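One chain, chain A, links the two complexes that follow: it is found with chain B in the first and with chain C in the second.
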Partner chain A sequence: MIDWSSWLFDGLLAVGLLLLAWLTVISADLFRAILFFIAFGLFMALCWARLAAPDVALAEAAIGAGISGALLLDAYRVLSAPTLAAAPALSRLPGLLALLLGGVTGALSWVFWRLPPPVLALDELVQARLADSGVSNPVTAVLLNFRGYDTLLEAAVLLLPLVGVWIINRQTPAPLESIPVGVTDSPLVDTLVHLVTPLAVLSGAYLLWAGAHQPGGAFQAGSVLAGAGALLLLSDRLRPTATPQALLILGLILGLVIFCGLALGVMADGSPLLRYPPAHAGLLILVIETALTISIALTLLLLVSGAAGLRWGRRW
Partner chain B sequence: MTWLEFGFPWLTTAIAWTLIILGALFFMAGSVGLLRFPDVLTRLHALTKADNLGLGLICLGLAWQAGFTPVAFKLLLIWLLALLSSSVSCHLVARYVLHAAAREQRRD
Partner chain C sequence: MNPTLLFLLTAAGLFGIGLYGLLAYRHPLRQVLAANVMANGVFLVFIALARRGLANPDPVPHAMVLTGIVIAVSTTAFALAIIKQLHRTSGSPDPASAPPPSAAVDS
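== the complex of A and B ==
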């Protein structure tokens, strides 16, 4: 028997996803394109959830739609109005680009379709060795243990855009007073900050802890904390500064330093790089993920603020 | 299978579906209001009122199906958080509109 309701839902989801992608590329109005992109990210997260990949869905919703959306809106605000007005109304470029990318996607799908089934069943391999990884969530086991090398490099890559922001800031400093009109003196915003900030810290800590046995982990926890930070930034509890502080830099590199330290540390008793002893693997992964969460949260928050450093704001 | 069934399994499903469909209708009304109303303030009125009630009814319907479980509690939490953030953002948008109107008046 065919399950019509889920076919209908998945069909709508797939059509909506393609439609939103098309609208994002084709929109002449930049603001509209950004909103379509955020909606696209949320649809994408729903698709991942339907594909039974809640880890990816969480990451897509938090980073793909949330943080990226905030970054794009931030960039839109900084772009001056005359620049936008001078942009060509609608060239053929977006359509051509969409066709080209669609063609590449089609070709890749065709190749993927024709591939012989994999000889090595990786999922079975992961399940068989899960007990040695120190965690019971297979996604965390792969990210932090079996393929820890990839995550280590990823933690380093995440710092690169920040270096870019610092370089640009040195040449053309970002405006340091950019609180929207009528936001800081509203009593309702105070209530929101007082209620949401502790809740965000709590759910960030929960996501970090839960990553060991169910969907969650450093990236999801870090982006939730960065979201709370953005709220503090917008309500004048935090303020951007032109130069980074020493403590802030320490927080930014904490994840990478601890990850590298432990990856090298396990070599002391003769085992290869990044191979944790199974008896202590759970604890090591928790320590690494905690440090990574702090670094990821600070990195994302600094990217959203567009400034080099942060200091406490006026309103506490 | 929940304690809310009163001995009639179909009743749970019927009540849950009624609540969810009612919630979907509120979402629909809110969207129509957003598209059809003339200015920002009336659109906000349509959007926040309908969305809050719509989401509330859908969460209630789903919670009714879930029974007295942690899932029901999480659904309630989701609704309360959405209620909080949507009312504050509505307030901020409305406030911005009033500020802008006041600036416009001073310039004239």
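== the complex of A and C ==
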């Protein structure tokens, strides 16, 4: 018995993803291309949920729909020059490129078709040791315990783009008042900010706490909090500054410092790097995740603002 | 044909579409969009394979993609910062139309 409704859903999802990706790439109007990309991100979130990856779906919904959209639309606004209206197709060999598209897609499809069955089931290893990890959500156990080394390095990698943006902006400072003033006068904006900001902070805190036993964790919580921060930035509650504040820098590196400190700290009683004692693993993971949430939220928020620092704005 | 294969084929399609966009268009903002489409194709391979033939989906690829999404958005932000900078200094987001540094100093 074939489950037709699930095939119909999967089919529509697949066709929707491919269609939105195609429209993103070929739209003559760049503004439309960005909007298609935001819709594509939401379809991806749906796809992750469908593929039983709720942790990924939560992060994608916050980042794909929120942060990426804000970044791309801001870049579009800065670049809003005649160059954007120019005809999009610039290739001299569109036929050859289309052939390449077909060839790459065909070759990948063939590989996927002939893929041998998995030889190593990491899932079983994770499930077998989950009780020792200190948390019951397997994705959090992998991120913060079993593969903690990857996440530790990732916390460092996350700071690199921000340092890159700072270096670029130091050479030719961007105008700081890049957010258009005047759109924030509406009472609707004030009401929205007053309603949404506390809810977003609450959701972020809940996602952080829930990450131990159900979908959620530092990455999802940090993304949601950064989204709330972007709203404050757009409504003139936060303002970009040319130099970073000491407290802000502390917040940016907090995740990395605490993660490193605890990773090394457990070596004091003879265990290897990053091997938490099972009795305290849950608490250690919560501390690391809290610090990571703050750092991820601030990093993403600063990337959205494009500035080095932030201060409180006038409208409160 | 099973659902996993359907999503794997979709991933191959996304990767191909993204690659086409990356090579066929000169505008850097379009290239950033296209590279993101490609990245999502790669993520989809991971997540589709995580579910293959298992009772519970494999959490290791989930954790990889989760961190991958956050890194992808921050590198996108970096790329956009470079594009905006290029636009501010040369008046055009297209690297090819920017004057060489020495010419910019002369004029």
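In the analysis below, the second predicted complex is superposed on the first by the 275 of 316 C-alpha atoms of A that agree within 3 Å, B and C clash if a C-alpha of one lies under 4 Å from a C-alpha of the other, contacts with A are read in each partner's own complex, and residues count from 1 in each chain.
Basically, contacts are C-beta pairs under 8 Å (C-beta built on N, C-alpha and C of every residue); 3 or more make two chains touch, one makes a residue touch a chain.
Just so it is clear, the model here is predicted, and its values are computed rather than measured.
Colleague: Identify the partner contact of A:Ala141: answer first if only chain B is touched, second if only chain C is, both if each is, neither if none is.
Modeller: second
Colleague: Answer with first, second, both or neither: which of chain B and chain C does A:Val196 touch in the superposed model?
Modeller: Touch partner of A:Val196: chain B, not chain C.
Colleague: Now for A:Val287: first (chain B), second (chain C), both, or neither, which partner does it touch?
Modeller: neither
Colleague: Residues of chain A touched: more by chain B or chain C?
Modeller: The partner with more contacted residues on chain A is C.
Colleague: Between chain B and chain C, whom does A:Ala49 touch in the aligned arrangement: first, second, both, or neither?
Modeller: neither
Colleague: Of the partners chain B and chain C, which touch A:Leu188 in the superposed model: first, second, both, neither?
Modeller: first
Colleague: For chain B, which residues are in contact with chain A within the complex?
Modeller: Interface residues on the chain B side: 81, 84-85, 87-88, 91-92, 95-96, 99.
Colleague: Name, in rising order, each residue of chain A that touches chain B in their complex.
Modeller: By the definition above, chain A touches chain B via 180-183, 186, 188-189, 191-192, 195-196, 199.
Colleague: Sort out for me which residues of chain C touch chain A in the complex.
Modeller: 3, 5-21, 23-27, 29-30, 32-34, 36-37, 40, 43-45, 47-54, 56-60, 62-67, 69-71, 73-78, 80-85, 87-89, 91-94
Colleague: Contact residues on chain A for chain C in the complex?
Modeller: Those in contact with chain C are residues 6-7, 10-11, 14, 17-18, 21-22, 24-26, 30, 33-34, 37, 40, 44, 47-48, 51-53, 55-56, 59-60, 63-64, 67-68, 71-72, 74-76, 78-79, 81, 83-84, 86, 88-91, 94, 97-98, 100-102, 104-106, 108-109, 112-113, 115, 117-118, 121-123, 126-127, 138-139, 141-143, 146-147, 150-151, 154, 157-158, 160-162, 164-165, 168-169, 171-172, 174, 217, 219, 222-223, 296, 299-300, 303-304, 306.
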